[in-house]
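Here come two complexes built around chain A, the first alongside chain B, the second alongside chain C.
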Partner chain A sequence: MSGLLRVEGLVTRFYTEEGVVKAVDGNSFHLEENEALGVVGESGSGKTVTALSIMRLIEAPGRIEAGRILFRGEDLLTKPEREMRRIRGRDLSMVFQDSLSSLNPTLTVGAQIARVLKHHTRLSSRARRRRAVELLAAVGIPEPEKRASHYPHQLSGGMRQRALIAMAISCNPKLLILDEPTTALDVTIEAQIFELIGKLKGEFGMGVFLITHDLSVVASFCRRVIIMYAGKIVEEAPVGDLYANPLHPYTLGLLRSIPPLDGEAERLESIPGEVPDLINLPPGCNFSPRCHLADERCWQREPELLEASPGHRVACWKAGKGGKGG
Partner chain B sequence: MVEALLRVRELVKHFPAAGDWFAQIFDRRVVRAVDGVSFEIERGTTLGLVGESGSGKTTTGRVIVRLVEPTRGEVVFDGIDLLKLKGKALKAMRKRIQMIFQDPASSLNPRKTVGQIVAEPLRVHGMVKGRDLERKLVRTLELAGLSGRFLNRYPHELSGGQRQRVGIARALAVRPEFIVCDEPVTALDVSIQAQILNLLMDLQEELSLTYLFIAHDLSVVKHVSDRVAVMYLGKIVEIGDVNTIFGSPKHPYTQALLAAVPRPDPKAPPRKVLRGEVPSPIDPPPGCRFHPRCENFLGDICKEEEPRLLRVEGGVMVACHLYGRGSSSQRAPEEKAQGKPNPPEAPPFL
Partner chain C sequence: MAREIQSGEYELGTHRTLLQEFWRNFRRNKLSLVGGVIVLFYAFLAVFAPLLAPYDPIEQFDAPRGMRNPMPPLSRDEDGRLFLLGTDKFGRDILSRAIYGTRTLLQVAVGSISIAMLIGVTMGAVAGYRAGTWVDELLMRAVDIMLSFPSLVLAIALVGAFGIGKIQVGPFTVSNIVKIMLVIAVTYSPRFARVMRAVVLQEMAKDYVAAARISGASGARILLTEILPNTIPPIIVQASLMMATTVLTTSSLSFLGLGLQPPRPSLGLMLNEARDYLFWGAWWYAVVPGGLITLAILGFNLLGDGLRDALDPRQARRRR
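Presenting the complex of A and B:
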């Protein structure tokens, strides 16, 4: 298992006037070729910062403080920016959440895709334009010829998101990072987009790092899942395991707060309270102030992420058999 | 029969397709946002309104609170024709009908404290003054699950969930009977979403509120609603008891929507993909508006004739030629296994 991506002990912090934001706090995980890894958590859990760290797009006052990001065996954190520019968009691509603000409003969609191709390939300008239209067709945009000459504001949200994906896959990346790619979209469009990404994953052996808050999307698309809370991975498991046997109380809370679509609706079990302030994290387990199982030990000592069963890791003092204690 | 608190009949709202008045001289096309929608909501119940973007669900909600003036149609609230109200009578009615908005960040005035925001409707309606005001504000905040110490805070100091609670408190301040909830949990995190849904349901019971609950998240709508209406391109395609519709959807669009929703279960059958996008409401397809995307396309009838809402088994009303105009020979695929559906009868009225 060489691994397409191996992140080890990643620490990313933001030095703000109010204090130090511990956005990502010592996380390790890996992602294989042709694998979809779901990263689930609420706002402020560190999902997006993790992705931006992998892309090396953290800007001041943020800093990657520790860790290694091994992409196909090479540490991205030691690469000069010049080389990162060659890697970004070619081997490593990211689709951002807000499609309107991540497209250039002054360029047609076709021209934007052609630009990426110009940066990374030796295609002629004509070939680039042709390829841009092909890509728009590949992501299921009707009348791709016509749409290529449209500006972002002329497209619907679903089409813009697909245009962004077309741009992200234009150079057949090895790893595609998707940050809440469908949050603003209707379920029918969401289903279309995941069908497309699944196809590309199979065809090119692409790894997919899918950031979402939606456990249902993960269940239908991913093989493994990481649950993040306040900057830390609290649980990691193959998808089947996680849903059949969630070990962390936070994971359980998330699963129980989804209103069921099939079967009878009872009162939802909500998680009390809110995500903590990343500047003033509680001592001990970050989740302890909201956890109904928490006791003295949880408030004082931080649990380690330990393997409960093969491939299933959890960071919780109360997590059944697996949590042997640190 | 239980009386309907709200009765909407043949509601139509067309917006000019062109931007300003000058462009409108040359471009007379209209966006048919809502195109003949009828429904009723009984007192103390919730009607869920679902559909994709562009289905007209938000416009429908806005017409009911008179944020948007409809092109045609009738909205009767507790026996009073809402659309004919003016001046004092309209103002008095606004006290009885309130709205909760999708984005709590942009629907709260950032320059006002929570106390001022919640006091605003009380002030407008001259309901409470002086010393009673603060007591009333604290009580209202507590109803929404916030303590009195939030009175002097500003919206930016609050989390998304707390802001939505302020939005709810503002709606509750004048003690309305009816609330239009427009995507009230869409902008919230999952764990917070559950808190707010529980709060809305508790408040309904406690204050016997009636809701029109607009959302695109089907599981949320299923959870809070008694009845549900599915909209597509300005029309209701299916309406009825929520469990009946979610258990056995009749309209091919409702079926496709439900099949596209992912389940929080890796063992669930794969999502089914509905092709295409919602067509432009400027020029909706003739006949049944769903026919270009429909898997059960029957031929010319779907292209030429607009299906009417007809009552089928289980009391659900469906607008689809599969359920015929009196003939029960054509059936939806699911029906075949379950045997004959009851012959549809003409609707008395929704």
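Presenting the complex of A and C:
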């Protein structure tokens, strides 16, 4: 099975004056239709750069150096820009974190959705307008006719995020990338948004690539999850597997930094140290400077991402030796 | 945090259009309203000059026996014609000349600002969109060179290069007034280019531009349909503030004899003529055109400040 999206050996680098930033360093993963894949990592771990690489929107001084991005069997990296413009917004779509700045302040919400439809469909301007209202209704915005003629600043944060999703799904994309879509929203709205995305995913059978730093969101929404650290995938597993049996010390650290629901007021653990400088990465495993298990081998040689059990891959010399209880 | 509170206000408030929002902010500042009224007054003078001026601005009247031109305000000639603001050295009605002079002044100012905007905005938009490339470098260094001259000196140099009066460009005759507009436009277009480039750069960093790219829009389309509307407010503010400067430059050129040529009524020329009569006591000769120029500059500046505050409330709050 070729899958909806198959990324192979993706390398994206930024050539800055301070040096070469290895933002994404040789990652491979895949995503099936109607599947939600979660990508978790700290800021600067390469999540967003991965997403922008898939959209092929890496701008100078950044460059996609190597790899293949097979979308429905076709390599996006070899396509001319003209063709990419047709694919973006129609087959591939993306929603950003900050809904206020993602919408053009000088255009009404309805006009902005209609504009996307204008790029990709042959609908008349009245039909586009009608479709925009339908889409706003579909994402659960009350009084969609009225809201369509409102400007972004007249909508609440939750409504704006819904409008952005409406814009993103306007052409029934095959793959929807969500870049921390609910970070700026409160938890009740967050739950509503994910319920909405789940519903749309089922309706259109689209793949969802969810970027977040919130493991609890992933747990409730995704089937599989990728953990990224300093530009590399360090662990990939089905969600249940990851929670039950985290293999990478970094994953373990992430899980331990979440307060438990059964509320015993223990002191939360944090991962000591900070994300390494992507220009001067350590010679061995990127996580070794912060890892309490690290030894000679970890400092000198980089571990490969290997399958530990079916569907569960991990890049660590000490995989699984951290012990669950600590 | 400020943004959160603001959006809260909007949610609770009724739904205003951007224009209503603007007017609400603009109205709050009384001084900018004064500026607006002054500008409207000038527009009124300029548009209805033929109806408002009591006499032909170049018709010469003889002073009655016992008096000499220039005559003081409220004088009459032998036929009983009243000269409300007096006459000039040739016996022409100062009020009529001032009204027509205002008209010409605004024509030149509006014309040159429009051309300057067209040139500057285009240059700035291209430079901003291609920031960091040789195109940007070329355009901006050209702008730097032009801005390194004091604007009046540059304008004088350009007039010097083209000569006074109308000029011949191939088969086309460019009238003197259009030539002056072009000279001033070229002098001031770099300022628009600078502002435009900065605004385009600022807007390009915003997510909605990325969102437009993600929806499949091409670069040119993004620049024209997404970014351009967002650059209008700062450009309007710049234009309004530049109007004041242009009024001064136009009058200065005329005062120096490099701008509008007699007998066309011009406030700058009137000031120049009035110099010789100041010691003679003909205060009205200088006060009328001088006052009109000053008031125009004040009006455009107040309006410009008000527009800036109303169009960018965040910046206004920061300044206070």
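Here is the rule we use: the second predicted complex is superposed on the first by the 319 of 326 C-alpha atoms of A that agree within 3 Å, B and C clash if a C-alpha of one lies under 4 Å from a C-alpha of the other, contacts with A are read in each partner's own complex, and residues count from 1 in each chain.
The criterion applied here is as follows: contacts are C-beta pairs under 8 Å (C-beta built on N, C-alpha and C of every residue); 3 or more make two chains touch, one makes a residue touch a chain.
These numbers were taken from a predicted model, which means no experiment stands behind them.
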| item | value |
| --- | --- |
| Clash or fit, chain B versus chain C on superposed chain A | fit |
| Partner chain in contact with A:Met167 - chain B first, chain C second, else both or neither | second |
| Which of chain B and chain C A:His120 touches, first, second, both or neither | second |
| Which of chain B and chain C A:Glu195 touches, first, second, both or neither | first |
| Broader residue contact with chain A after superposition on the shared chain, chain B or chain C | B |
| Touching partner for A:Asp214 - first (chain B), second (chain C), both, neither | first |
| First, second, both or neither for A:Phe96, with chain B first and chain C second | second |
| First, second, both or neither for A:Gly158, with chain B first and chain C second | first |
| First, second, both or neither for A:Asn104, with chain B first and chain C second | second |
| Three-chain overlay, closest Cα atoms of chain B and chain C, distance in Å | 5 |
| Shared chain A surface residues [contacts with chain B and with chain C] | 156-157 |
| Contact set on chain A toward chain C in their complex | 55, 57, 60, 85-90, 92-94, 96, 98, 100-107, 115-116, 119-120, 150-151, 153-157, 164, 167-168 |
| Chain B-facing residues of chain A, complex | 42-43, 142, 156-159, 186-192, 194-195, 213-217, 219-221, 239-240, 243, 253-262, 265, 267-272, 274-275 |
| Chain C to chain A touching residues, read off their complex | 3, 7, 10-11, 15-18, 132, 206-208, 210-218, 225-226, 229-230, 232 |
| Contact set on chain B toward chain A in their complex | 52-53, 159-162, 189-195, 197-198, 201, 216, 218-220, 222-223, 246, 256-258, 260-268, 270-278 |
